Amino acid sequence: MDIEKIRKLLEDVRAGEKGIEDAVLELRRLPYDDLGFAKVDHHRRLRRGFPEVIYCPGKALEHIVEIMRNLSEKECNILATRAEPYVFEAVKKVLPDAEYHALARCIVINRDRRRRGLGKILIITAGTADLPVAEEAALTAELMGSSVDKLYDAGVAGIHRLLGNRDMLDEANVIVVVAGMEGALASVVGGLVRVPVIAVPTSVGYGANFQGLAPLLTMLNSCASGVAVVNIDNGFGAGYMAALINMTKEEALK
Amino acid sequence: MDIEKIRKLLEDVRAGEKGIEDAVLELRRLPYDDLGFAKVDHHRRLRRGFPEVIYCPGKALEHIVEIMRNLSEKECNILATRAEPYVFEAVKKVLPDAEYHALARCIVINRDRRRRGLGKILIITAGTADLPVAEEAALTAELMGSSVDKLYDAGVAGIHRLLGNRDMLDEANVIVVVAGMEGALASVVGGLVRVPVIAVPTSVGYGANFQGLAPLLTMLNSCASGVAVVNIDNGFGAGYMAALINMTKEEALK
Amino acid sequence: MDIEKIRKLLEDVRAGEKGIEDAVLELRRLPYDDLGFAKVDHHRRLRRGFPEVIYCPGKALEHIVEIMRNLSEKECNILATRAEPYVFEAVKKVLPDAEYHALARCIVINRDRRRRGLGKILIITAGTADLPVAEEAALTAELMGSSVDKLYDAGVAGIHRLLGNRDMLDEANVIVVVAGMEGALASVVGGLVRVPVIAVPTSVGYGANFQGLAPLLTMLNSCASGVAVVNIDNGFGAGYMAALINMTKEEALK
Amino acid sequence: MDIEKIRKLLEDVRAGEKGIEDAVLELRRLPYDDLGFAKVDHHRRLRRGFPEVIYCPGKALEHIVEIMRNLSEKECNILATRAEPYVFEAVKKVLPDAEYHALARCIVINRDRRRRGLGKILIITAGTADLPVAEEAALTAELMGSSVDKLYDAGVAGIHRLLGNRDMLDEANVIVVVAGMEGALASVVGGLVRVPVIAVPTSVGYGANFQGLAPLLTMLNSCASGVAVVNIDNGFGAGYMAALINMTKEEALK
Amino acid sequence: MDIEKIRKLLEDVRAGEKGIEDAVLELRRLPYDDLGFAKVDHHRRLRRGFPEVIYCPGKALEHIVEIMRNLSEKECNILATRAEPYVFEAVKKVLPDAEYHALARCIVINRDRRRRGLGKILIITAGTADLPVAEEAALTAELMGSSVDKLYDAGVAGIHRLLGNRDMLDEANVIVVVAGMEGALASVVGGLVRVPVIAVPTSVGYGANFQGLAPLLTMLNSCASGVAVVNIDNGFGAGYMAALINMTKEEALK
Amino acid sequence: MDIEKIRKLLEDVRAGEKGIEDAVLELRRLPYDDLGFAKVDHHRRLRRGFPEVIYCPGKALEHIVEIMRNLSEKECNILATRAEPYVFEAVKKVLPDAEYHALARCIVINRDRRRRGLGKILIITAGTADLPVAEEAALTAELMGSSVDKLYDAGVAGIHRLLGNRDMLDEANVIVVVAGMEGALASVVGGLVRVPVIAVPTSVGYGANFQGLAPLLTMLNSCASGVAVVNIDNGFGAGYMAALINMTKEEALK
Amino acid sequence: MDIEKIRKLLEDVRAGEKGIEDAVLELRRLPYDDLGFAKVDHHRRLRRGFPEVIYCPGKALEHIVEIMRNLSEKECNILATRAEPYVFEAVKKVLPDAEYHALARCIVINRDRRRRGLGKILIITAGTADLPVAEEAALTAELMGSSVDKLYDAGVAGIHRLLGNRDMLDEANVIVVVAGMEGALASVVGGLVRVPVIAVPTSVGYGANFQGLAPLLTMLNSCASGVAVVNIDNGFGAGYMAALINMTKEEALK
Amino acid sequence: MDIEKIRKLLEDVRAGEKGIEDAVLELRRLPYDDLGFAKVDHHRRLRRGFPEVIYCPGKALEHIVEIMRNLSEKECNILATRAEPYVFEAVKKVLPDAEYHALARCIVINRDRRRRGLGKILIITAGTADLPVAEEAALTAELMGSSVDKLYDAGVAGIHRLLGNRDMLDEANVIVVVAGMEGALASVVGGLVRVPVIAVPTSVGYGANFQGLAPLLTMLNSCASGVAVVNIDNGFGAGYMAALINMTKEEALK
């Protein structure tokens, strides 16, 4: 898959510097560490521009700690999402430079703070209850090298709060809209700007919100084009997508 | 139930002018015509302020014609919704003053054109494909005596089309918002005005509109208060509700 | 948007009393306080007839307290819904005239007790378990200046409880129907009256109630016209809509 | 399973009148005719009190004809539901005493017209569009020997049409309620009577009826007890259940 | 509604023994006690054959106690469903003859133990985890005067457990089938008997049981006729329906 | 991926018989024909034991013909599913040995009729309307070399039709159960046998079948273990899975 | 049903060694122990190849213990799934050779450790959070005599972790794929192998996973054939199905 | 909103070159043409980088023609989606340079063919039946100035068709994945690349595809990050989003 590596290997085989069985082995092996319960994908940064991210729910505490420790040996910036405080306590002991962001429920190790990207990411929320998801998005995008602006509590029930900050919208290179209830904010923002909008539905609202189903459908059906959607409450996914859009393909591998 | 009528009846019984069995019968009878296949509810205008309305789908042609003929003997204004052109052809023969509104798919007999109501009803659509539903709402409200204004194709993808007509919004006494796709328009309008908003989701849109489910959920979850919702594509219901809100209780029975 | 204000501003600019950059700024600014985590919408009462209402779930305690404090400086009547008792304890410390309504789970500050509206709002529940939602509706409508009557536990399983109170129905100017289980009460009430009915489905009932989905669909499909629906368990929304219908547009801004 | 038959068979074996292999075979065989594409269940009337009924959709025309012909050899009363007119044309040729009920979409052969049952079945519909389902129910119940009364178009939008026929309700031994839209009629009827109510949701109505899902949920959640539900538009199932309730177990096998 | 009562009243009016206004009042009043938070329906036993039943969830403790106390003054047999042990503790203090059935989660007062009904009700469960629902059904039916048999843990995964008890099926006059997982038992039982089957889906099972949705749909779609369905986990509703079927209309009012 | 092929290629490179760029190319190329609109996967039989199958809906007629022609050059047995008769007409012209199975809606080319597999596959249907799906399954399994037995119309409404054919169940090595309505047959069969059961829900039935959703959920929730499920109406998928189970891994590649 | 047994019984009757009534009884009795609350199905191992398995949720502790004790008297290998630690504590007291597998939440008694089956079962998970379900599958299959291999955390986000273990796939006789999130792994594995794949969706993931609905639909719609699906989180069901596929019908009864 | 325009206007007012009422008017007017049935949004290209696009379903033919004619006066590139051939026939008459793309069901006017954007967009489909959606996406992106590459029929059932074209993936700047059935392709592509992936679910597949719901949920739950989703079958939306990502903000307004 890595053409250069394959070419080099073939030259080594031709030159007799590498045995055939070794070559077979190498051709079938890609760089990951097998911890038994997990295969830590060290190839991911090379391939995708950012190391594997740890989604904590459902994982045993010792597994999370071990995966983070293993990643931290080879990577600069590491992210664990949906982490409870007790997880951070355990991680902190083996990785003293880990930090905890309580509102975003994230553990981060942020060693490489170089900026990348063509411009700024703007994160907008409809309400105050959408902040945890928004902060997760912001943290993710910053860890990937993007600059982030925030415009919180600008829902359409008081649309002047959005229209009055029109310049923030115009300055952004990518916009993330985080909204629960009916999620109408995504369409309205989408109709105002000339940059991509990533919409994140949240599970905030009365009964017929159905844990985020209502804003999810709203956002998928946006009458404004230039809007694409990620999973309910998935701040991480939105921040990741926004950062990816914000950088060139070349920057992605720097 | 009709206190005065009961009081009169009791006085007649006391005065010996009415036999007991007759009184029992009357006390249990309310004014409707039983056609066998249908019970035409002539009491409805007295009770509710507007005669029974005929929803055509699933009814046999001869039944529709007979019900309209029966109603037309005692009522001024009559409405049949979701009527195909061939239904109108048959009705026209027995009721020459019936009119057909093709876009709204309605047959109307409009003999009493007196205006009632505190103000105007404004009907807004998000797009051009929402017109049939909007026209059904307009026709219903007008038949009930309300004045109607229209602001069509003012969806949030180009929000200046709405904001630029802010005065129409301010002049309305009740607003009906008809929208498909994601239905965000209802929330935005709701956030701008101080009058009740009746929201009608339509089944217009791409796959995840799910025949109107998406805008239905959007409208039910409106972050702006003062928004209530009727059934998918139910222009009649919205026009009826708006007309009811627009008149006083006393006008309703005039 | 506020034409008079724009006109005055332009006159000031022409008269040289206001600099151009100042005018630009003013034209883009609308009255809200930016607390960082929230934009308190002081314009809302002007625009919509009632100040911003605080929906507590998902908001940090200190945020709720700060928003209420900020609102209380400029507004008379304030409402916080779905507030747990500990929220009230914290609010009470900074706003001594705040009151707590336990059954409705609301905190209210009620300084302006003037009545507004054309008539009375009647709130009907199908059962006793629907009381919290009904009380939230009542409290909201009263805070907005409407008089409220209550007819509780009048579900269709014993329809004489409803029919025997027919005069309460006839006296109402707007009716709010709160019902769980199958929510049939809304259609029955709708079929009896000549005033608008706002229906609120509740999440009360056995399994196939599906957290309020069953009565929600029932109410949206009401065979009686003149019924519109708000979100599941959303007593606040119903009370707000009813109060809006109950007053004239002019009263709304008093 | 048929104890007497097993006992007799064992006695025959003991007496040497039946060989063991024959007995094995008999013990494993129950009376049905295997047509290859269908196994006509001639045991059903013995076991269940009514012969197998043919649900036509999805079956080949020649299969329907052959099954009916086969049944007619051993049974008196035969029913084919959801039959298009062309099916009847084909059946008529081989079974001249077959009749077609167009509204109910049923083919019947009705040779045994004896009445069975403790009383009458009352079939109520909410509207005129529910008639095809109601007629299917009536036909089924009559074919099984029950007497049927009908009260059509008595929906809750004009509840006096129901209350004014209270004596029909009181005379019934079982009631079938057929309703589309929101299906509230089932709960209202359930709350008025002391006999079992079988509720049939129909797919009649605006968008959020969702092909009968709305009245189905309504009926399942009925706040009145004594209501049980059959499938959407399943008039046959309701008529069958009602007839079963209306007869004694002993009558069922007559 | 009560013809005799109306007739007597009219005679009293004619005889001058009752004033007109009194008569008006009586004609509009039906027997229920208004406790403010609840309208206790004392007419229900007369009308429906069994007093009002208290569904406890969502009701305040003092309300439950007061309703039970109020009912116990005029009724013999009283039932409160879904009652937690602490509810019973409170009820016990004011109604010493109340009993608690822990598995069924019911409080009962059982003063009239006369048997009514044409035969026996058989309650079958598919598994052991369906017992609470089944016991609620059994208790309800017994309180209404029916005899009840039980066949527990006879699911189709080991169908001989059902077929081996064929005589219990044959002896029953009505059958209640309680099943979670896929709920196939209802169809199988329905195919074997000649009496009505009431099916109760339960919320027992793996993920795609979706809290009882899977067996609910199974039972509604039963290929065997003579099966009708009540709400998920609604043992009370099934027991009530079965008892109603099991007695004659006349017995219902004894 | 094909280790031997890689080993050979590396040996050729070492021996200088193959240039490095050629090797790079080969290592990245797998055998498929790129027709532009389609990539015909000639590797599939090697990898999976059966050639690519053409699912016709949504494909242009000329594309289907071209894909079949291309496949027929290298494969013996070819299958096109959900093919309308006009598709067959077009295919027949270029592939004269193609056959059409109308009930199963399939086009087959069956050149290799060798039998493979450990035993027989038994295909059971609940009703006659399930035949098209069952026949698709049978045809697929036979084309893959399995012997197929059929037991049609053996639904649980007349369970003796199933129990009376117990020996067919006992002789099967794999069983496919095809059922619509409520789909209970899968659980019942699953509870009787010691071989794997593949369940196929069909979209046959009344309204709450919801196009196959009801039997799908039934089968997924089967209380009998040893049952796995394929897509609604997917006879092909069931036949494929059954044939795969019926043969050894080694046979699969013969 | 057991032909040999029936034949023997008939011979005994003929020989006069067995009385008719005894024979009747035996013919209707199959081997299960009736504990009242449960019918322990001792026939199941004979009929299906593995004894009844205890699904613990919803069952009373004493019932679980009693069922296990009863089973352990006649069976070698016993399995109780979804067992909390306190259940094991109670079981351990009466069955000292019971073992607890905490990750799989299973209690097992494993007395017969003979291997059966044509090859190996490979269990693959997409992530680390899928381990509990995977371990339940593994335990079940091993208890039934199959050899199990494991490839954990090989999801498609890093597909080289799967492709790099291609030989494990090739060695397997049956594959179980356990995946949450979107569940795409099942299709990818299905496309690579020539053996049956059993797919298990898990409830792991963000909001729109909807407790496993997303991967459930994914797996049912697999574009790769040879994939069948079991219930959400149902590791037991997958392990059982895989073991059944892995053995011959004859081995199943050993 | 357009700061420069406002500034200029204010300077004109100050200079007395513009009257106050004129300025008020201009400040409230934004450039759209009101056709009565539609408000053609000529501001959209300025604001969003591409003119309004016409979604044809539900619009009257004369409306479509008129909107296109109106747009064509001021815009270079115009797009009408989901256009039936007869629509094109009518458009062609008034706009002779309009072209029809039958597979994509689009009418385009393509006068400005300048390329914009940082790189190429790659459009991948899982199957051949996904082509109409993919072609709509391609056409949209090209009309907006992007270069487009296509990789069709590369679904995961034959993953070598994807992996063998790894270089196409590596060359793309944005990737659009179009897939029906289970939609797994989006996750697999997402896991391989370092650029944003826009996923489009299609309604292609067997029953449990549920008109695109299955791949929609799959794509929203993608375990690979960097994937965002648009509406079912919405090729236009995907092409638009991809083109937006592919260009700089500045290019968007060129």
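As written, the chains take the letters A, B, C, D, E, F, G and H, and residue 1 is the first residue of each chain.
Quick note on the criterion: a contact is a pair of C-beta atoms (placed from the backbone, for glycine too) under 8 Å apart; a residue touches a chain by one contact, two chains touch by 3 or more.
In this text the structure is predicted, and so the values were computed from the model without any measurement.
Student: What chains, if any, are shared contacts of subunit B and subunit E?
Tutor: C, D
Student: Based on which chains touch which, give the shortest step count from subunit B to subunit D.
Tutor: Graph distance in the chain contact network comes out at 1.
Student: Return the chain pair with more inter-chain C-beta contacts, choosing between B-H and A-F.
Tutor: B-H
Student: Select the chain at the greatest separation from subunit G, using centres from the mean of Cα atoms.
Tutor: In terms of C-alpha centroids, the chain at the greatest distance from subunit G is B.
Student: Do subunit E and subunit G, two copies of one chain sequence, contact each other through the same residue numbers, with over half in common, or through different ones?
Tutor: different
Student: Which integer distance in Å separates the CA centroid of subunit C from that of subunit E?
Tutor: Here subunit C and subunit E have centroids separated by 38 Å.
Student: So, what's the distance in Å between the C-alpha centres of subunit F and subunit C?
Tutor: Chain centres of subunit C and subunit F, defined by C-alpha means, are spaced 58 Å apart.
Student: Roughly how far is subunit E from subunit F, going centre to centre by Cα mean, in whole Å?
Tutor: Once rounded, the distance between the two centres reads 49 Å.
Student: By residue number and range, which residues of subunit A touch two or more other chains?
Tutor: 1, 3, 127, 157-158, 163, 166, 191-192, 205-206, 208-209, 213, 216, 220-221, 225, 231-232, 237
Student: Between which chains is there touch?
Tutor: A-B, A-C, A-F, A-G, A-H, B-C, B-D, B-E, B-H, C-D, C-E, C-H, D-E, D-F, D-G, E-F, E-G, F-G, F-H, G-H
Student: Taking the complex as given, what residues does subunit A use to touch subunit F?
Tutor: It is residues 3, 6-7, 10-11, 13-14, 16, 20, 23-24, 27 of subunit A that touch subunit F.
Student: Where on subunit E is subunit G touching in the complex?
Tutor: 127-129, 131, 152-154, 157-158, 160-161, 163-164, 166, 204-209
Student: Which residues of subunit A touch subunit G in their complex?
Tutor: Interface residues on the subunit A side: 1, 28-30, 32, 36-39, 41, 43-44, 52, 55, 57-60, 63, 67, 201, 203, 211-213, 216, 231-234, 237.
Student: Using the touch rule from the top, collect the residues of subunit H that touch subunit A in their complex.
Tutor: Per the stated touch rule, the residues are 1, 3, 47-49, 53, 118-119, 163, 166-167, 173, 191-196, 198, 216, 220-221, 225-232, 236-237, 240-241, 244-245, 248-249, 252-253.
Student: Give every residue of subunit G touching subunit H within the complex, in rising order.
Tutor: Subunit G reaches subunit H through residues 126-127, 155-159, 181-184, 187-188, 190-192, 205-206, 208-210, 213-215, 217-225.
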